[in-house]
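Chain IDs A, B, C, D and E follow the sequence of writing; residue 1 opens each chain.
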Amino acid sequence: TGCAKKETPENSAGQTVNLPAPKVVKFGVQPSLQPPHIANMKGFFTEIETKYNTKFELISFASGGPENNALAANEISWAQYGMAPAIVGMEKAGGMLVAIDILEQTAIISDKSINTVADLKGKTVAFPGKGSQQYPLMLKALEGAGLKEDDVVLLKMDASNMSTALEKGEISAYIAWDPHTTKAISSGAGKILVKAEEVMPLKEGHYLGEGVVVRKDFADEYPDLTEDIVKAIMKANDYIVDNLSETPALWSKAIGLDESIIKLSLDNNMSVFVKDISPDLEALNPYVKLLNEYGITQISDVDKFLDEHVILDYTKK
Amino acid sequence: MDLIEIKDLSLNYQTDGGASFLALDQINLNVSQGEFICLLGPSGCGKSTLLYTLARQLKPSSGSIKFNGENLANVRDFARNVSIVFQEHALFPWLTVKENIEFPLTSRSLLKAQIHHTSDYYMKMVELEEWKDKKPRQLSGGMKQRVGIARALAMETNLILMDEPFGALDAQTRSMLQEELVSIWKKASKTIVFVTHDITEAIYLADRIVVMDANPGRIKAVLPVSSKRPRDTSSDEFRMLENQIKAMLKKDTNLVDKEEKI
Amino acid sequence: MDLIEIKDLSLNYQTDGGASFLALDQINLNVSQGEFICLLGPSGCGKSTLLYTLARQLKPSSGSIKFNGENLANVRDFARNVSIVFQEHALFPWLTVKENIEFPLTSRSLLKAQIHHTSDYYMKMVELEEWKDKKPRQLSGGMKQRVGIARALAMETNLILMDEPFGALDAQTRSMLQEELVSIWKKASKTIVFVTHDITEAIYLADRIVVMDANPGRIKAVLPVSSKRPRDTSSDEFRMLENQIKAMLKKDTNLVDKEEKI
Amino acid sequence: MKKDLSLVNKTFRSIQKIIPFILAIAFIFIVWQIGAMISNNATLLPGPTVVMKTFLEFIVSGEAIEHTVASLLRIVLAWVLSAFIAIPIGVIMGRIALLEKLLHPVIELIRPISPLAWIPLAVLWFGIGLSGKVFVIVIASLFPILLNTISGIKGVNPILLKAGQSFGFSQLRITTRICLPAAMPTIVTGLRISFGSAWMAIIAAEMVASRSGLGYMINDGMEILRPDIVIMGMVIIGVVGFLFDAVFRHIEKLMGYSL
Amino acid sequence: MKKDLSLVNKTFRSIQKIIPFILAIAFIFIVWQIGAMISNNATLLPGPTVVMKTFLEFIVSGEAIEHTVASLLRIVLAWVLSAFIAIPIGVIMGRIALLEKLLHPVIELIRPISPLAWIPLAVLWFGIGLSGKVFVIVIASLFPILLNTISGIKGVNPILLKAGQSFGFSQLRITTRICLPAAMPTIVTGLRISFGSAWMAIIAAEMVASRSGLGYMINDGMEILRPDIVIMGMVIIGVVGFLFDAVFRHIEKLMGYSL
């Protein structure tokens, strides 16, 4: 802090001097099709860096669990991950949801012999762990088909190994996110059994995929910076929606994923982006209740929970 | 015909550097049936080398060894003809005394009863029946050597080779075992080739002493010991022979001292 | 006044089981300045125990030891009064010959030059100057023992204790070192207490031989050796003493044999 | 009277043996409690009391036992398998110098690679069932047995081999009747170390895909921010690992004596 | 003439020494190629040629070196830190029997817990930066040094201690001037083993949020579906681990000789 800048950035809130900001903004991400990567590649974060005399550091995690760990330890102040880890992060790691920026990315992939979720009865199905958003979705999908958790053999495994297991016929289906879903499709070993939106249409007919969480104390201390970061993510999201054909190259460059897989994912509507990324309470509420019901969270007062942890203002401004 | 006839035997060790070391140079020696031969000499003179060549564990570089008139390399069922008593006993620590003695016999096609009979017989001879179920670690050094001797005897070979079997024992135990060995040798009427660097031991035991010389390993003299057994180590005859051999070895000792093996 | 006065000394080892073992029983012995004493006896008779009690590494259970008229426990700067030569040399493998000899002096407040001077002097005495920069592993067994002796000498103590220093050496090297030790002892005029179980060695070296007996450890006899040095091991006097001691020890040996230490 | 005393002595001494163990646990608990108080972050480092409560819950529900047994079964299986693979190969390598010279670098090249890295290949080759997990554990437990077997066989006192030769024994007989028993103490040490390595690999192995086991419990606890479960898992791993090691050390000691 | 011959001999012998290593690599490549052909799943197990191609790309881009160096720096740092912690503690424990009796169970209780399990606590205590990763590696590399130091100090030939006492040395002097140098070969062995353990823990350590290092490369390769990168990482870990071990063994040998 403490750096006075003469030239005023156009999108600034008016102040020109002494904008409070930490030296480094640590942002947890995953190597998948997340908007913060695009914000980074397109220089939206650089603008903020200049304005606040700070630095962005995108820190990569394999999954939401360790990301929440780091958030709880105050090692990162921002995190982008699946909705279930986001809610766990809100409950336990002092996080606050500021945006829902991916509506889809999860699907149940099955081998060719499975035609409906009901066919999974007695079959082995892989999921990435209880901390993932995929776990409750899987349970919900089963429920919708009249199955209970015990009716299938649920196996926790690393998402990167799921398509191998499917190809080898060791599991009949799995639930995961992109690119692990697209991989089985591109290799021909699997097909989309159901997409998340069919299981839980929560917002505009879509599922709630991923969200952005900021530590509450960060938002309290740096309200302007928080607002600008949310805006940068909104900008990235707009860019993605408007220039869908350009983005694969950008993501590929950012995370190393093969461009063709990204294209396939977008073409299949595996990842769905919309312009409205506000954390919609109405959409979120049933989801939070579901997590509590499944024992993933131990929130005592579900109705109040979201009010305390979601700030609508930033995206609505 | 002598039991062993060694003729012009030489042995070259190939060392790592590609060089070679002449450990035995033109050895000539005959050993007759039932004889007790001691190989005596300073460290490094090739006593063990000669012994293990007789045991067929080393190959001569040149020269010949005949065993019972036959070429040593061609002797069939060698283990039934030659047995060895090693320095530091070489007992198998996981076997009992009895099992150790029977161990060499297990590869022969013998009945269990025969094997037990043989081992019992020789355990009695070396007075170890009481200890037969003990493990080597439960025995004293002298007792271990007696097990080693019993094991060699139980192989019922004509020739027994011994490489400093009493080297690691204290003086008292040592002289006791020397006494015993002579009496066993008489009882069992074996041929023994015995390596030692102890002059007194050699004079006490041997029919003939083969005095060796180092660098290269050669036979310096073969001295018959004619006095009757049991020999009195304080007799004049004994003394004289002792001093004679000492004088013989003195020069070598000085040599060794100057070179200071490193 | 004698240098050492041992009176009614007893020593009990506490064993694990809570039992105790009487290793020294009522030892009485005086050693005068400049004397060469040999402690002789079968294994387990307490020779080392007595020696290490003198070295203050073991505490007497009862009785007293006076050193220069003073109670042993009260002697100040003990390491300047008593030094030890250990069996199997006890050299520090990472130090050179010179460094090994100087090592005990490093904790004294001496100048480097003084230390070098002292070590040079004693290295010369044991004829090791040429080897001073070698590590122990580069030396033969006899040379290692000479380093051990030089180290004890360099501590310039009045009393030197030696625990079977030549036990691990071969006969030739051993007799050579015995000769040297006698000449060094004369030159440096030290008091030496020397442990051995070799009768010949004791007779060759000692002014007086303390013959010990096992179970419990007792002094059986103290025999003066009056013949002039260098002693002739084949002289009649030598023989007689040898036979006398042998007879003395014979009973013990049989005892040990019957009990067969396990 | 004397007997009574020795019994008292014996009891006293076995109590004495357990004391350091109990003190160790007390020590760890105290350090942990202090650590928890300093960190002051119950979401990440709950104190011993919280973990004890979770532990009781897991004991009552049977999960604690279930996960421990599941892990142990996998480990024992993998460990036995490692022994069956490594001992014969080790014996052969120890006996045939040329083979050892050729294969030793292969072992040394593969050994530094953590079991974690093998997970994708484990899934590819052995699937996600028991065999996949066992493969990951075998990767960890194979080498200690193999290396100890080789060094045990190579370290057999040469005089015993000479003796065997002088008995007219065949190479096979020398190998099985002399080398193997003589190398046994070293092999047993290898087996002990190997069990420790296997035990350490359980978390990695149960990343392969599982529904039970201590590794699964820990992984899962991490994901849903239940550090009490994670730490409980760590404590169980520590204690069970300690106990097994103690048993093996005892066996090792007995072996050593008998030789 | 003689000198020439010895030079030829020397070159010949050092070539001879490398031959098994080269054969080992060839052997691994062949097995790998066969494995790839049998698996017949290029997306999961690419053959050596594919990986070599990736490797060349990574060499050209500098990433291969960058990741290797990043990992090595972390490991060396953690390893040095472990040595600085473990050697003094080990020396004290080796000299004071009571302390060893009390602390040994603590060590044995903590030792079986895999570095993986410590990751959440590492993040809590040391963050996701260098220190967090270093902590995880230290967990893996501390114990071999500690245990070897203790056993080295306890194993010092008692006659050397007696000698030191007879020189009138203080306990401190005996510890530093006699015990420490005498235990050095065992400690060096501990350091070697410890480096190996540290190296094996790199994948776990770099699971704690990182942007560089071989462990990161492997973890990331799994996530972004690049098995060629994963296997390249494994190969680099194997080869670098092998080379370091060889260097340490050499040092160990020199140490052994000098004693």
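Criterion: a residue touches a chain if its C-beta (ideal position, glycine included) is under 8 Å from a C-beta of that chain, and two chains touch if they have at least 3 such contacts.
It should be emphasised that the depicted structure is a prediction, and the values quoted were computed from it without experimental measurement.
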Shortest walk length in steps over touching chains, chain A through to chain C | 2
Which chain is most remote from chain C in terms of Cα centres?
-> A
Counting contacting C-beta pairs, the top-scoring chain pair is D-E
What is the chain whose Cα centroid lies farthest from the Cα centroid of chain B?
-> A
Determine the centre-to-centre distance between chain B and chain C, using the mean Cα coordinates as centres, and give it in whole Å.
-> 35
Rounded Å distance, chain C centre to chain E centre (Cα mean) = 48
Separation of chain A from chain D, taking each centre as the mean of its C-alpha atoms, in whole Å = 39
Separation of chain D from chain E, taking each centre as the mean of its C-alpha atoms, in whole Å = 19
Where does chain D touch two or more other chains at once, residue-wise?
-> 41, 44, 120, 124, 222
If you look at chain A, which of its residues touch at least two other chains?
-> 66, 69, 72-73, 158, 160-161, 164
Complex contacts: residues of chain D adjacent to chain E = 20-21, 23-25, 27-28, 39, 41, 44-45, 101-106, 108-114, 116-118, 120-121, 124-125, 196, 199-204, 218, 222, 227, 230, 233-234, 237-242, 245-246
Chain B - residues contacting chain D, complex | 55, 57, 77-80, 82-84, 86-88, 90, 92-94, 103-104, 106-107, 135, 137, 155
Mind pulling up the chain E residues that touch chain C in the complex?
-> 157, 159-160, 162-163, 165-170, 173, 177-178, 181-182, 184, 257-259
Listed in rising order, the residues of chain B that touch chain C in the complex are 42-43, 138-140, 142-143, 170-173, 176, 197-199, 234, 239, 243, 249, 253, 256-257, 260-262
Seen from chain A, its contact residues with chain E in the complex are 28, 30-32, 59-62, 66, 69-70, 72-73, 75-76, 158-161, 164, 167, 179-180, 183, 187, 255-258, 261
